[in-house]
Amino acid sequence: MSLRVYYEDTDAAGIVYYANYLKFAERGRTEMLRTLGFSHTGARAETGLVFAVRRCAVEYHTPARLDDLLTVETRLVRIAGATLALRQCVCRGDELLAALDVLVACVSPEGRPRRVPASLRDALINPSGSGSIKPAPAPLPPEYPPSGHSIVQKTP
Amino acid sequence: MSLRVYYEDTDAAGIVYYANYLKFAERGRTEMLRTLGFSHTGARAETGLVFAVRRCAVEYHTPARLDDLLTVETRLVRIAGATLALRQCVCRGDELLAALDVLVACVSPEGRPRRVPASLRDALINPSGSGSIKPAPAPLPPEYPPSGHSIVQKTP
Amino acid sequence: MSLRVYYEDTDAAGIVYYANYLKFAERGRTEMLRTLGFSHTGARAETGLVFAVRRCAVEYHTPARLDDLLTVETRLVRIAGATLALRQCVCRGDELLAALDVLVACVSPEGRPRRVPASLRDALINPSGSGSIKPAPAPLPPEYPPSGHSIVQKTP
Amino acid sequence: MSLRVYYEDTDAAGIVYYANYLKFAERGRTEMLRTLGFSHTGARAETGLVFAVRRCAVEYHTPARLDDLLTVETRLVRIAGATLALRQCVCRGDELLAALDVLVACVSPEGRPRRVPASLRDALINPSGSGSIKPAPAPLPPEYPPSGHSIVQKTP
């Protein structure tokens, strides 16, 4: 997905405020889900499911500025029972501005862990559309690596 | 109430972003309510009541900048059956930076108009504490001016 | 222009936070300028010009919610020497959610009033493109109504 | 430092939006600097110095909610030539809600690395006041651990 940098995104240092890359990443995840046929309101209405970020690590390489046109790429790194590990990149053209490793958990509205729905798991592992999700080169088996392993695994 | 301007509040023009004065004003209204013994979560739990802004008019006089210490003053202008008209000023010392006229409605969680609770009405008209609400010089009768009149009435 | 409502835009009442309509409106103004060939960074670099909001009045009709697809329409109401009066509507389909009257001033980076550049004035009055700006039915003469008149004039 | 959760901080899931913990942390860092006698505008005016976040890793434990009163604790983990590694905790009473490891770099306004000013280094290592910065139990030597080592070192 692509997005424009508006005044609302910038700060007095003349660059995009550091917390706002997390907003951009969340837009990217939402659009990734939409590409796969899922929406937040739909998921909540049908399955009582909410997505909660458990961890987020950001590396800031180069600042984005007012009027920049950015793209957000979202790659699936790993699916465990109740979590998705994603690698997200915020770019300006070919230039990487920020990289995020995000661990998202499926939870009930009260915050209890819930299994990733099978339909979402299938859609993530075998995305058939031309959406913005870019899976790792080979499809990941749904339970590999086993859940005792390091959760965030970088794509090569 | 007073607040500090942080990077999050500013934009690439080096000043506080224009929408953020509405955040400051909402903080001021929340603290005004707390001074009177009301909180958003309390009001919702006890009375099922939510406050919704129906209109908001802002005049921007002088921009606030990073590290400024600001104050938000909130004055009651008028109470009607289901609405409160408030005048709010964002100041830096004696200097008026922005003035807001805000019409707040009491609504049910589904958005239907609800009467301002009598306890809040009483507290607003006769604030006994030393809180940040500054009523108009003479206490306002609860139904005056009658509801057909212009809703937002400037304080002199 | 159109935009999606993401979690970042909503609040604990389950609706779009009231200040965020000003962000949406600013995105609309920025895209309107871009449609006419102007960008914030370009204007600042070439003419030293910055746009500052002097007044903003919002009427909130119906709340926007998570996942909504919204449109922002921007209409020119009047050009005076140093200011533009705009009428902006945030809609969901045919439904008007919020209407904003915004007075924007051209200023130097230090905040002093500057005349609206002739090129922008011309582009606003005679937009030839298929952009999102919707001028009032008949082109406005550049100095009409004279500057002593009421500044914000509603489109019929 | 302490802060109240307002509607602006929450989202439609009824909790504080995940990016906003980075705002809270930045408020905490700013107040830590102020406690030590430094402000962003002062540092920029006197030394041409700006602080830029290079990395930020957040663990979200329990969500904060509307009306919560939170505290932000900031601990110095390590000073290298041009960077500060900080550990920040957002708490509600004794409960840890989110923990952040933040690597902040001193840069010129153009983004080039600059040494941490000696005065700030001294103030960070030997804070004499009763401010909110909580140094590691024993004062850290200014260049230890050497810069080849892992930059973010958890406090015990």
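Letters are used for the chains, namely A, B, C and D, taken in the order the chains are written, and counting of residues starts over at 1 for each.
Following the convention adopted for this analysis, a residue touches a chain if its C-beta (ideal position, glycine included) is under 8 Å from a C-beta of that chain, and two chains touch if they have at least 3 such contacts.
Note that the coordinates shown come from a computational prediction; the quantities given were computed from them, not determined experimentally.
Trainee: Let me spell it out: compute each chain's centre from its C-alpha atoms, then which one is farthest from chain A's centre?
Mentor: Ranked by distance of C-alpha centres from chain A, the top chain is B.
Trainee: Quick check: more C-beta contact pairs in A-D or A-C?
Mentor: Most C-beta pairs in contact, of the two: A-D.
Trainee: Using mean C-alpha positions as chain centres, tell me how far chain C is from chain D in Å, no decimals.
Mentor: Distance between chain centres: 37 Å.
Trainee: Return the distance between the CA-based centres of chain A and chain C, expressed in whole Å.
Mentor: Centre separation, chain A to chain C: 32 Å.
Trainee: Could you tell me the distance, in whole angstrom, between the mean C-alpha positions of chain A and chain D?
Mentor: That gives a centre separation of 25 Å.
Trainee: Spell out, as numbers or ranges, the residues of chain D touching 2 or more other chains.
Mentor: 7-8, 13, 19, 23, 26, 65-66
Trainee: Once bound in the complex, which stretches of chain D touch chain C?
Mentor: So the residues of chain D in touch with chain C come to 7-8, 10-15, 17, 19, 65-66.
Trainee: Taking the complex as given, what residues does chain A use to touch chain D?
Mentor: 13, 18-20, 22-23, 26, 50, 52-60, 63, 109, 111
Trainee: In the complex of these two chains, what residues of chain D are touching chain B?
Mentor: 4, 6-8, 23, 26-27, 30-31, 39-42, 65-67
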